[in-house]
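Here it is, the structure in full.
As written, the chains take the letters A, B, C and D, and residue 1 is the first residue of each chain.
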Amino acid sequence: MVVDLSVSIGSLQLKNPVLTASGTFGYGLEFRRFGNLGALGGVVVKGTTLQPRAGNKPQRIVETAAGMLNSIGLENPGVDFFLTHYLPQLRDLGVTTIVNLAGNTIDEYCQLAERLQQPGIAALELNISCPNVKAGGMAFGTSEEVVYQVVQAVRRHTKLPLIVKLSPNVTDIAAIARAAEAAGADAISLINTLLGMAVDIRTRRPILGNVVGGLSGPAIKPVALRMVWQVAQAVKVPIIGMGGIMTASDAIEFLLCGASAVQIGAANFVEPTTAWRVIDGIAEYLEQQGIASVRELIGSLQI
Amino acid sequence: MISPCTGTIVSNEQLSRTIWLLRVEAPVIAQQVEPGQFVQVRVTSTYDPLLRTPLSVHDSDPDRGTIDLLYQTVGTSTQLLSNYREQMRLDILGPLGKGFTLPTGPKSSFALLVAGGIGIAPMLLLARFLMANQVSTRLLYGARTASDMVRIDAFEKLGVTVACSTDDGSYGVRGNVVDLLADFLQSGAGGEIFACGPTPMLKALQSLARERELAAQLSLEAYMACGLGACLGCAVAVPGGGYKHVCTDGPVFAAWEVEL
Amino acid sequence: MVVDLSVSIGSLQLKNPVLTASGTFGYGLEFRRFGNLGALGGVVVKGTTLQPRAGNKPQRIVETAAGMLNSIGLENPGVDFFLTHYLPQLRDLGVTTIVNLAGNTIDEYCQLAERLQQPGIAALELNISCPNVKAGGMAFGTSEEVVYQVVQAVRRHTKLPLIVKLSPNVTDIAAIARAAEAAGADAISLINTLLGMAVDIRTRRPILGNVVGGLSGPAIKPVALRMVWQVAQAVKVPIIGMGGIMTASDAIEFLLCGASAVQIGAANFVEPTTAWRVIDGIAEYLEQQGIASVRELIGSLQI
Amino acid sequence: MISPCTGTIVSNEQLSRTIWLLRVEAPVIAQQVEPGQFVQVRVTSTYDPLLRTPLSVHDSDPDRGTIDLLYQTVGTSTQLLSNYREQMRLDILGPLGKGFTLPTGPKSSFALLVAGGIGIAPMLLLARFLMANQVSTRLLYGARTASDMVRIDAFEKLGVTVACSTDDGSYGVRGNVVDLLADFLQSGAGGEIFACGPTPMLKALQSLARERELAAQLSLEAYMACGLGACLGCAVAVPGGGYKHVCTDGPVFAAWEVEL
């Protein structure tokens, strides 16, 4: 049995539902040696800003139980460098490239969106949820009104499929998702990291240079699944689910809860071939279950 | 070429209260590894601990296809690693990073290896390469106490001259290894410095090298997630602002390149 | 060196800062065989309601990475049974007993508070955060106004120290804490469980009978620590921290972030002697660090 | 008296593709355990998996101070348990729960043990007690296929009559064990039923027992966190509404007590 893995995220056609998550797969190129990047559903590159950013002061990473905290602080070489250095390579490799963008103001988001209207970029992912940048991030993603404003503004500045990535650090994720949809988002991706903290009892200091950081990894999967399920009840646009996906089984759980595609994050650090393994694993599951297309799984959870 | 591999463990031997020597079959890594490079080891099949553990390659035997790792049990991951036994399989990713730059010119034909504590780990493979290149090599090795000093015989077997210091004077001279180096330099001797150890030691060494105008290469540690240049977690500050990344720009840096 | 472990939560004096969390230690009596209950800082008993409750349909428990989901649904024999059957035994054993109460309406909370004004009850913990009961729980704990109303109302009906237990499933935990403080709470305890979900890909159904459940255990510790730290900046009343505490080191992290006491939850299932071990471990740490009183640790994190 | 203990492993033997037999020193549990009771085993020192694993006590030797656990590797915890080797230490809590009620009167002097799959686990200790009480005991044991059937010899050694069924007919009669029981009862025989196995099997057996008006005790499984009656996670519905708790009210229940 040949199974059909293709899915669509609005007008964006993906050969399979497995993407890699922003900030966890570099620009894809770092993982070229582990598999064919063109075989992935897509690569979401590191959060990109107008100007280069140096990022937060170390320590930026700490392990937690079945998870990790990071406070990278959006280190990146800026949009121009991305366009001149990385995009051509990604294009040559036939990678479905999605750019994750982050701004400090609505205007910055709009400028970024315009600059990114380039051949070789398949879609934009609006990072309104990065918890690490005091001036931006958190504020955008946690208020329905602000989400509506920023999405609506960016919508006017790009023709590319617009994915809005939500922060999980909110009371009512469904309401935020509805605001993004109403403002013109073509898809919703979630979850970004949960805001967390770690402490060293010997030094009696926070472990991260930035005091707080974003929690990711298997630890957060139950929260992520719940939110994807809630958002799936609330909006009609496609959902891209993520949070702690390590295996094909994890990915299938997100599809059942209503995600049309998934992203692999921290798992890339643990096992750099994860994304390819997940694609194979989903195909195997479909075969075993006698399901012809992965699209039949989407949202098929029986309550 | 970095490759993930699953190697069979040949031996896992306890050398001191906290230090272990692990030998594992990893033919590709054994062939390719350069001194100062590291591997990322996955110590469990469950999700706690989640991340891989970075460990320097201590030694390699390209003919037998084995590498040696020398590690100190400081926390969960290294404790779990010490539970591995012969014949068990271990998931290893590597070789990773940019190792030591070997001296080429004649003026660098003296190498001073400076190791503090478990910083001894990358030094053996380095010494092996240096001796093979006819570089006259001296190891200055500091530890807390005599029973924490390991592998001295392995260096001596290579023909390396070894001088030691311990904090309590129980082996070699009393004091730290940077003082030992300063004393040695006092005698007018020179050479290129290759160092690995705790950050305070590397910091002291950085000043000393600057003072004496000696070339020094430092092998740094940082908290790492990927080891592949993707997560940007392993930042180390550089003079003038901004960061480099220990996993890909290092772990070995020229002393002037980094701000410790 | 003899270290002083005593702390105070408002007018409530505790011999040490280690309590057991509601719903994870039964009525204490189940753990009598593992240690002296009177030696604990206190025991917070299972969430108690006016009427007996049968709880949610099984499956009620599922393991997740470094955590667990539960959807017990406040199974309990009701306040009268508690008062006649369990309280006398707890009193006889010299247990510092704190009753966790949950209601469907403000009036139920007030009635419960009045009924619990009994000798042998040291304090009340208002559970406005249980995510499992559709009619109550969630709604109370996620809105500042409602938190203010329920706390203010209960405040009028009890002279006992009133601890308000917060839900972490909110955008701004500090604002909720301030509302509870303004309404007369003597202390804030947090966090209750994060709302999560788990899916079985073979049956394609949610694993929990209740679909969603509360996530607890080490997985949530980073989120709990961050919230305790945020609330400590926001309120003056004492804080009782919890979420994933397994060891003395974990407990000390919460104290450093601003908690005056801690509660042990899921750890009781893994190792039933945890609470006693944590007390010993805190004492040991203080000795090693040459700190005379545990009170010196509270909020002493250096940023 | 429930006690947490750390016992040394005597042996951990693979009996079939997925079934293992573990013997561990646990003198207090070995002394006190009654048939049908279980223990909670902690299979890792890390936090994944977090919870203990409930396992029936398969056998006990009070003189040697050992207990046997018979387990099937179905997921992470049981896989990890199969990695344990002789001499390693295992954290065990028990004995827990209310086991089988042994027949006392003469009319119950026939015992029918009905086991499906890994439901065989609690039956050996039960058989040992029954035989010691001169109850004539018969085991009806069903499994998927011949190679999944374990420990038959241990029952025969006790003098238990064993009859088997397999889904594929590769051992004993073809079919399931409830059919085997029905056939046996057809012949006019009787006795008290003691059963353990998957829920569908227990459900079928519950109907059969009701039909034939036979006393039956069922050993149930449920997802457990504490095993101590504290978390209320292990609920099983009872007729007329409400729940009992498998860890303290059970795991063994009279067939009429529970709704499956």
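Just so we're on the same page, a residue touches a chain if its C-beta (ideal position, glycine included) is under 8 Å from a C-beta of that chain, and two chains touch if they have at least 3 such contacts.
This one's a predicted model, so the numbers in the text were calculated from it and none came from an experiment.
Chains making contact with subunit A as well as with subunit D: B, C. Set against one another, B-C and A-B show the most C-beta pairs in contact at A-B.
Rounded to whole angstrom units, the spacing between the C-alpha centres of subunit B and subunit D is 53. If you average the CA atoms of subunit A and of subunit C, the two centres end up 34 Å from each other. A separation of 46 Å divides the Cα centre of subunit B from that of subunit C.
Centres computed as Cα averages put subunit A at a distance of 36 Å from subunit B. Across the assembly, subunit B contributes residues 47-49 that each touch 2 or more other chains.
Residue positions 65-67, 217-219 of subunit C are each in touch with at least two other chains. Contacts between chains leave no pair untouched here, as each chain touches all the others. Within the complex formed with subunit A, the residues of subunit C that make contact are 64-67, 69, 142, 169-172, 194-199, 201, 203-206, 211-212, 215, 217-223, 225-226, 229, 244, 249, 252-253, 256-257, 285, 300-303. Those residues of subunit C that touch subunit B in the shared complex are 65-66, 218.
Of all the residues in subunit C, the ones that touch subunit D in their complex are 23-26, 30-31, 33-34, 46, 54-55, 57-63, 65-68, 70, 72, 75, 217-219, 246, 266, 268-273. Against subunit B, the residues of subunit D that register as touching in their complex are 44, 46-49, 76, 80. Against subunit A, the residues of subunit B that register as touching in their complex are 1-4, 42, 47-52, 93, 222-237, 241-243.
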